[in-house]
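In what comes next, subunit A is part of two complexes: it sits with subunit B in the first one and with subunit C in the second one.
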Partner chain A sequence: MNAQKKYGMSIDVDRCTGCGSCMVACAVENNIPPAHAGANDRNGLTWIRVYKVDNGEDYPGKRSAFIPVLCQQCGEHTPCASVCPQQAVDVDPRTGIVGQMPERCLGCRYCMAACPYHARYFNWWDPRWPAGMEKTLNPDVAPRMRGVVEKCNFCHGRWHAAKQKAAAAGKSEIEPGDYVPACVEACPTGAIRFGDLNDPSNDLRHPDSFRLLKKLGTDPKIYYRSKRDWVRNVAQASRPVSSQKEASHG
Partner chain B sequence: MRGKIIFLAGLAAALGAGWAGFPYAIYTSRPQPVDFSHKVHADKAGAKCEDCHAFRDDGTFAGIPTLDKCAGCHAAAMGTTAAEENFIDQYVTPQREPPWASYARQPENVFFSHAAHVKLGNVKCESCHGALGASDKLPRYRQDRISGYSRLGMSMTDCIACHRQQARADSCLDCHK
Partner chain C sequence: MANNLIARGLKRCSTRRFLLWIAPWAALLAFGLYSAGLCLVEGLNQTNMDNRFAFGLWIFLDLTVIALGAGAFFTGFLLYILKVDELRAVINSAVVIGLVCYSGAVAVLMVDVGQPLRAWFTFWYPNVHSMLTEVTFCITCYLTVLFIEYLPIVLKNRKLREIPTFLVFEFELHKLIYVLAGVGTFLSFFHQGSLGGLYGVLRGRPFAFREGLAVWPSTFFLFIISAAAVGPSFVLLTTWLVEKISRKPLVRPAVLELLGRISGLLLAVYVLAKTVDTLVWINRTSPESGFPAAQYYSWRPFGTWILFAEIVLFGLVPALIMLTPRLRAHTGWLVSAAAMACCGVALNRFVQTIQTLALPTLSFDKFLSYYPSWQEVGTFLAVVAYGALVYSFSFRYFQLFPEERERYQI
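After this line comes the complex of A and B, so read on.
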């Protein structure tokens, strides 16, 4: 069997320009349909979402930052898995990835209430693509149906593809370079990096890094980094500061 | 007495319909486009499964071969059978892909890797595809009217039975996408 992996991410907030490339790449990779006419900021589908935050001061002291928030892939006992009555959520012990199984989901949305990061999304509508655009769908990812919850799974289709490539070469271990989520690939400033947290050769868990809402003890596998103290403080705030706005999304 | 007979007749009719009729009625059925014999190819051409059902370079499985592969040998008739003549007239000469129906096609939410099973796990083709490779006639393609699934395809139960027996990965997302 494979050696145990613990996939995680490092996101350098100081490098993020808020361009939204990660959000677009994610939507394309994971067959996320165009927003329904009735969708708004609260019920659209955005597995990764760039939040704009500021330090709460007025000009000239005002400073802004962009924090991409995706499923934080909490430790081994995630809030979402604990509440799911359907066993539709599990943490794969071999990869540490929190998996979401749409076919098992009954749409109760307990997991969305339990998730402290608002990283889970509900399909309020059947997925629809404009005529002809269904040809652009990624065959490695199954579209979800109305009435189920979905979320980031570190581009599960790419994990499958990497496993298949390794198997074709007669190996059971994948090459680290073969498995990179779409957002990591798309980030023009290299703010998002991805890898095995158990691998000592990468510094994803840099001592200076912090995690969102650390006090909750959810043990996320997404490590953020910033040299600015106020950014680090925002990341620990239970409620968003009043001036916090979200970057627009499609 | 008369009531009993009517009851028994009704019971027999209902059971007959349920056991004999329904399992057929829920499938639509159609023949394959070409009267193809795996047996002839294995015996006369000495072909192995992977000669025609090959892997691509990236490890994906090409499945049913395209017309190019067939035309490589059958550009002109090699034998005297009517089936071959038909095949050449209808598909090879006009360069039209035969509309094969894949018995083993999985639903869109399933990830199946032939590479992992054949190259890593050394699973034999017959373990999942049965004796199709030695058959003389292609069975009719039967498709569930409701789900659209092929009757001869592997069901999740079949996959899981083997994965459990071999103590292989059996969490949902190992095979679902």
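After this line comes the complex of A and C, so read on.
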């Protein structure tokens, strides 16, 4: 019998340069249609939103950081899963990954209202790829239609591929190196790491790490790290810090 | 021809005048249907909602009209179950109001979802933990009840009564009215509550999240009480408006006063419960989620004034007016208080839906704003026009106020 996994991520905010490679890699891997320049939350789609924050000081004391926010794969009282009226959202007990079934989604967007991270996205428009670009579509991931919700699923297509590879080799467990989400692979500074949180050999849950909105009690599985106090304070402040800049959006 | 359909003994305006009255509503409905059609054909990109403001004007409208339409079930409950016989004078009108409100809300919900053709999935793959599942089941069932309750009103029409089968059917339906009232009350208690629970269960939205009893957050109970409180107020307000527009006395002033007294009493209970709930939320629920409640009111325009308006201005004040016999006896005060109560419930639903989504949860996120598109406003107006038209036709051709004949002759 397969051991139960609890996949999670560690994002080192001090290493993130806000380049957006993770967003692009995610879009390409998961067949998210390309958005035009200046796209916003209404006409663009991305499963990772990179926020730019600063310490609120003026030059020369001003310091900035980038915080990528994706689905936090909540493990307890999963806000989106409990509210979906037709079970289009579930938490896979084998992996801990919060899955979304667009084929069953009604498009009521209740899950989006429930998500405190704004990490769920609605297809307001028909997905369109410029002529010729449809050849780049990933055959392992089904594009979603207009009127349904989608979100990060830790590149579920890659998980299936890793499972198939393991099965072909006669193994019941996948090799950790065979299942790596696209954003982790693409990050040029190695700021994003991925693995099984139940595996004590990795240090995804470093003592220095913190989680966003941990107090809500939803057990998010994305751990953030920073050695800078102001970053930790901004990310965990109990009240919104109004001096922060608007989210950058690719 | 049309005048043959008007009940004997009732006086209604000429067909020409009636057409002039309904023409602007019909035009508004046509515009609204065009707006809604655009949203259905082109998609929800016609709205100004986005990935962070995923609910908007329509959800506010749904919650508000369903609260206002609560007069149907609550009047039925008082009349048929608790035997408050004076309310027979407004029960037909209350049923029409309920039907209009609920059918309008369901129609808008169908436009508001991205895949309306998948609505049946909720019945096929129901998530029993979701408040929306409960809302969908109860509203669908209750709308069916309302249609059945509306049938006897239609079948009493002068022309339809000439068909013996309809007469027998209407007579048989009347035997069921007590069962229907009971079923309607049961269903309404649940879906009014579930609508409150929709937001109360949102752990990820500490502004809306509430503790409660078992699986039901406190908003579940607050929505039931507030809906039961404003339902009679809306019936009162509508009756007064129809009296003014038609220039006919339709019910005895004592009936309006009774509606006001019921509304005032329940509103007072609601204000008390809401106050306790707010204090618990400020001092315990919200801080435990890591959010000091005061911060919610630091985002303009949502200052503490909104809390004051909701509880005192549109809650306590109309409750006191309607509970004071001297003020209640004065139509001006009574109608104003009923209007204030209706405004209060609309404000409460606005706070639950719009303010909840506007407030940031991530400490580095920004305050979100949203303005509805003309297609959203058009669809909203279609519901108003639809309501005005259904009520106008019902008032003209069916006997909504049984006391009207005698009152008019006086």
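The definition used in the following text is that the second predicted complex is superposed on the first by the 231 of 250 C-alpha atoms of A that agree within 3 Å, B and C clash if a C-alpha of one lies under 4 Å from a C-alpha of the other, contacts with A are read in each partner's own complex, and residues count from 1 in each chain.
We take it that a residue touches a chain if its C-beta (ideal position, glycine included) is under 8 Å from a C-beta of that chain, and two chains touch if they have at least 3 such contacts.
Keep in mind that what you see is a predicted model, and the values were worked out from it rather than measured.
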{"item": "Fit or clash - subunit C, subunit B, common subunit A", "value": "fit"}
{"item": "Subunit A-centred angle between subunit C and subunit B, computed on Cα centres after superposition, in steps of 10 °", "value": "90"}
{"item": "Partner chain(s) touched by A:Ala168 [first = subunit B, second = subunit C, both, neither]", "value": "first"}
{"item": "Subunit A: partner with more touched residues, subunit B or subunit C", "value": "C"}
{"item": "First, second, both or neither for A:Val28, with subunit B first and subunit C second", "value": "neither"}
{"item": "Contacts of A:Cys115 with subunit B and subunit C, given as first, second, both or neither", "value": "second"}
{"item": "Contacts of A:Arg104 with subunit B and subunit C, given as first, second, both or neither", "value": "both"}
{"item": "Which superposed partner A:Val234 touches (first subunit B, second subunit C, both, neither)", "value": "second"}
{"item": "Touching partner for A:Cys19 - first (subunit B), second (subunit C), both, neither", "value": "neither"}
{"item": "Subunit B versus subunit C as contact partner of A:Arg42, first or second or both or neither", "value": "second"}
{"item": "Lowest inter-chain C-alpha distance for subunit C and subunit B in the superposed arrangement, angstrom", "value": "12"}
{"item": "Those residues of subunit A which subunit B touches in one complex and subunit C touches in the other", "value": "104"}
{"item": "Complex contact set, residues of subunit B against subunit A", "value": "55, 58-60, 108-109, 111, 113, 115-116, 119-120, 169, 171-173, 176-177"}
{"item": "Of subunit A, residues touching subunit C in the complex", "value": "40-43, 45, 51, 53, 67, 69, 77, 79, 82-88, 104-110, 112-118, 120-126, 146-149, 212-218, 234-241, 244, 246-247"}
{"item": "Touching residues on subunit C, where the partner in the complex is subunit A", "value": "43-45, 48-55, 112-115, 118-119, 121-122, 124-127, 129-133, 136, 198, 201-206, 288-292, 295, 298, 356-357, 360-367"}
{"item": "Residue ranges of subunit A touching subunit B (in the complex, touch as defined)", "value": "90, 92, 94, 97, 99, 101-104, 140-143, 153, 156-157, 160, 163-165, 167-170, 172"}
